[in-house]
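The structures considered in this document are given below.
You will see two complexes here that share chain A, one where it goes with chain B and one where it goes with chain C.
Let's turn to the complex of A and B:
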């Protein structure tokens, strides 16, 4: 769909001539390949180029910002928030925290437009990104309440692409729970392309939750690059059902010893939804753990993909790495593809992966039916049990209840 | 290297060459070479045309580059594509007429051609370099209507069967090495089992690379007609060589209704020396088609040799209720590299497949399992089970697993599990304590690790394979 690109760097305001030329270089490199297609090994199971050409007539970069910037605040639990509209940082509120401990700004585009990337969406983001935020938590500060990042998208983004970058830095011995909340309910097709850089310093801990508010025709791509120092923790919970297309590309570098990372995902896909979780966990130091559990329920003509890679460097002895992907396929037109990869160069390690896909257990359905539960409810119960398992590791509390309730709504229909 | 040195070289037990005068094709890959091969084999016109078609296709194909083990560029113009022992021009009628030097080679290899042939009950179609020079037990097989001969002979005598099935599983234009093989293949085995026949013995071929600078391009075609059964053994040993030799064979299996083919391989080509110099490139295309209902194809492989092993014996499960199996042991030591695995493509209803892969990596080696399990939309009620385990024996080696899993239907189930660990210290300690030295202990543990696969091999092979496993890992645990 190259002929239908309408990407204009001059839509972006306040750029120095140097920036413009760098962005142009990125855009030229993007044009060489266009949107990734299935010939690209990383996109083998998600041919974005053909998905886009089937659903978009043309695609242009967005410069629109609505005047009315109202959105519904989550009232189930107390929280701090940052609000973005079409990628632009609009408001922030940290009522529960010490103000000087948290540094929040617009993303600084002066640096971080690296050219060398095989990922053409990365290049496109470099060329067109505006907005986004950078967040830094001070040393020894633990946020008392979670932070919700409202990613609001206006309803007038028809055939537009929104690009932005975020940066999150947790300094030594700090703690943060983030809930990335995607908020849009428009019927228009649009695309979002986010790059996020996460730096977790010594003894720090980050819980990263991604959840979608409602069904929307959003084609979502997010690339998270994270670097972990000694004794740090990084947990991801991905609950993005409802997006038309979604690919979450997560790179975790365990750079120093005793760091831990995990990825949990529960998706219930319907209609023609297509979602992919791609991870790359680099064990670059000894005594690190990584844990991944990806669960998919596939209805109708949906497609779920899991591509996970564990890389263990030769010095990363005593590594414990685990990958599990499970899929329930409920319709013959649905599809699940997996590529759980291990690349191991150290010998004293424990690495394993498992992947299963199949149908729901009919004996269990029969059991429930024989106890008077109607068939569709029996299905919902089993699906619920299957998916909500991934929330188990979360501590009890309002957030867990909120997520559980959201998940249930995702399963039972919005 | 002098023959005396070779005799003393215990690292590679089968490292010897036989001095036989060779008939060679012109050097390099060209139409002329293909015509030469076709001419010397007195092939009919259709076969030459088929080869030339492959050659034309080859011109537009590119060598694949996605594999993990990289290798220096192969100069295809610097290879001889055909070389045959001289005695082949006058085909021997009995064993006595065979060049005694060749017989000597077989003896060193332990091929039971003379003394042991009846004891072992194996009919041997020994391929010495590129031409079949001896085929035994033909009478007994002929009585049952089984055809077991070289592919060149089959092209002459059974052109209908060859025309019908050759290239039907691995098409002419499949990929670079398969197409190269189609253009220049020199010889190989042909097996046809008639309907409702159980082949009374295990069929076996010993391949040997002998002439220096000769790529081996074998072509094997096995057809099991309705209700038949055959077990086929393939074993490889190769002499000491310094330059890399290319081995790009094609193996095609076809199983019709209710037929079963069991294909076992023990591969021990020259792996190169401790520094990674020399060794064979083993780029083989093996593919089986379960065409008929209730058919079954089972691949078993023990890969211990070659500098680079790059192959994926695959099953296309077309017939309803068909079964595909893949059992593999891949051992890499020193600088060896392996990129092997399988493809199971489920097309028919109620099809089943099972994959058991054991990878063992020592020294500076790299061992990779790469596989595809794909259950297509119409293959309802299908099942796959995959297990790949890797064992690492040093911190300089690598073990990798890349499975591709595609499930496209609601009634089918795929299960995949993989583990990577090092050799268990406690088990080693236990064995040492009971008086086994380090190497015996490793051999015992590794053989236990591989047991599920070794069990699948026919008796004679299982014994040899167990020894091979031990020899391949000598000195790998310090």
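Let's turn to the complex of A and C:
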């Protein structure tokens, strides 16, 4: 779809000539390959180029901020918030916290544009990104309430791509729970391309949740690169059903000993939705744990993909790595692809992976029906049971209830 | 209440029920005994509306043809099957399941659905009657339950849904004496002039606690002998081989 790009760096305001030239270099590199396609091993099951060609006439970078009515705010639990509108930081509030412990700013592009030719979406982001935020939590500070990052998108983004970058730093012995909330219910096709850098310093802990408020015609890509220091924790809960296309690409670097990471995902896909979770866990130090559990329910003509790689460096002894993907396929036209990969250079490690896919257990359906539960509800109960297991490890409370309720709504079709 | 005429059932080309006749009136307790493979569980499955059987003959429930009713409609109209092997359903909370079940039945019968608080009060009461620890109700349905706990859970569901016809498929298997007594007490306390029981079992044991009005011997897909409670006692002594 190369001929249909309308990407203009001069739409972006306040750039130095140096920045312009660096962005141009990135854009030129992007043009050499275009959007990723299935020839690229990382995109083997998700041919973004042809998906976009089939659904977009042309694609242009977003350059304006139309005024729009207020977006829906979560009222189920008390929270701090950062609100982005088409990627731009428009408001923030940390009413429950000590203000001087939290640093929040617009993302600083002056030092964030490295060239990386492996991933063309990365290049495109480098060329066109505006907005985004950088957040830093002070040493020894544990946020009292969760932080909701509202990713609001206007309804006038037809055939636009929104690119931005975020940076999150948790300094030593700090703690944060983030809920990334994608807020849009537009019928228009648009694309989002986010790069996020996460730094979790010694003894710190981050819970990262991704969720949508409703269905939307968004083609979404998010690349999260995270680096963990000693004794740190990073947990991800990916519950973003409802996007037309979604690829969550997560790189976790366990750089120092005793750090732990996990990725839990529960997705219920319908119609022609296409979602991919890709994880790359790099065990670069000893005594680290990693855990991934990905569950997909595939209805209609939907497609789910899980590509998970665990890399264990030679010095990373006593690594404990686990990966499991389970899919329920409810229709012959639905598809699930899994590609687990282990690359291990240390000898004293515990690594396991597994992948299963199957259909729903009809005996269980019969059991529920024999108790008077209508068939469609019986299916929903089983699907919900299958997916909600992902939330089991979250502590009981308002957030868990909120996520459970969201998941149920996603299964019942919003 | 239940009139079965010349019932035949086939699954995977296996002809299992071969002309079964049975009439059950309100207030009656019927026991069906028989050797392994005689078709006892098939009868239970067919009555509950399980898919996969090719059926001939006629089953009328309160005058209505069962073949036209789905499994859930049968349950909503008061047919209850206590499963021989209750299924484990991961991720589904027992309380949520019980409430959804009760409210589906109530809704179909034109009754008001129960809100969470009213339901919880009711279920606690019923559970304590059966000596079921409350904590089981907040666990995943039957997951990790012992055999006895699963069977008690079936009887709990029966008492909650208040069916007209209860079919107990080998509910006594896997129960120790104490659990057997609790289950039998549960059944006996629910027995009334309006509702009926069909108890499928291998052994007389359960019938020592729940006295049947009729005992039928099922063999090779047919009822070959019918008697009163004494027939069960006799079978326990002599085995099936003298009759079959």
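Heads up, the rule we're going with is that the second predicted complex is superposed on the first by the 412 of 414 C-alpha atoms of A that agree within 3 Å, B and C clash if a C-alpha of one lies under 4 Å from a C-alpha of the other, contacts with A are read in each partner's own complex, and residues count from 1 in each chain.
Everything below uses one rule, namely that a residue touches a chain if its C-beta (ideal position, glycine included) is under 8 Å from a C-beta of that chain, and two chains touch if they have at least 3 such contacts.
Note that this is a predicted model, so its numbers are computed, not measured.
Superposition of the two structures on chain A leaves chain B and chain C fitting side by side, clash-free. Once chain A of one complex is fitted onto chain A of the other, the partner contacts of A:364 are limited to chain C, with no touch recorded for chain B.
In the overlay built on the shared chain, the residue A:374 is in contact with chain C alone; chain B does not reach it.
Applying the stated contact rule after C-alpha superposition, one finds that A:118 touches neither chain B nor chain C. By the touch criterion stated above, A:355 is placed in contact with chain B alone, chain C being left untouched. In the superposed model, A:38 lies in contact with neither chain B nor chain C. Contact comparison for chain A: of chain B and chain C, B touches the greater number of residues. Applying the stated contact rule after C-alpha superposition, one finds that A:389 touches chain C and leaves chain B untouched.
For the combined model, the angle formed at the CA centre of chain A by lines to the CA centres of chain B and chain C equals 80 degrees after rounding to the nearest 10. In this overlay, which is a superposition and not a single complex, chain B and chain C have their closest Cα atoms 16 Å apart.
Comparing the two interfaces of chain A, the one with chain B and the one with chain C have no residue in common. On the chain A side of its complex with chain C, the touching residues are 361-364, 366-375, 377-378, 381-382, 384-389. Residue ranges of chain A in contact with chain B, taken from their complex: 41, 44-45, 314, 317, 327, 329-359. On the side of chain C, the complex with chain A involves touching residues 48-51, 70-72, 74-76, 80-81, 83, 86-87, 89-92, 96-97, 100-101, 104-105, 108, 140, 157, 161. Note for the complex: chain B touches chain A at residues 66, 377, 380, 390, 392-422.
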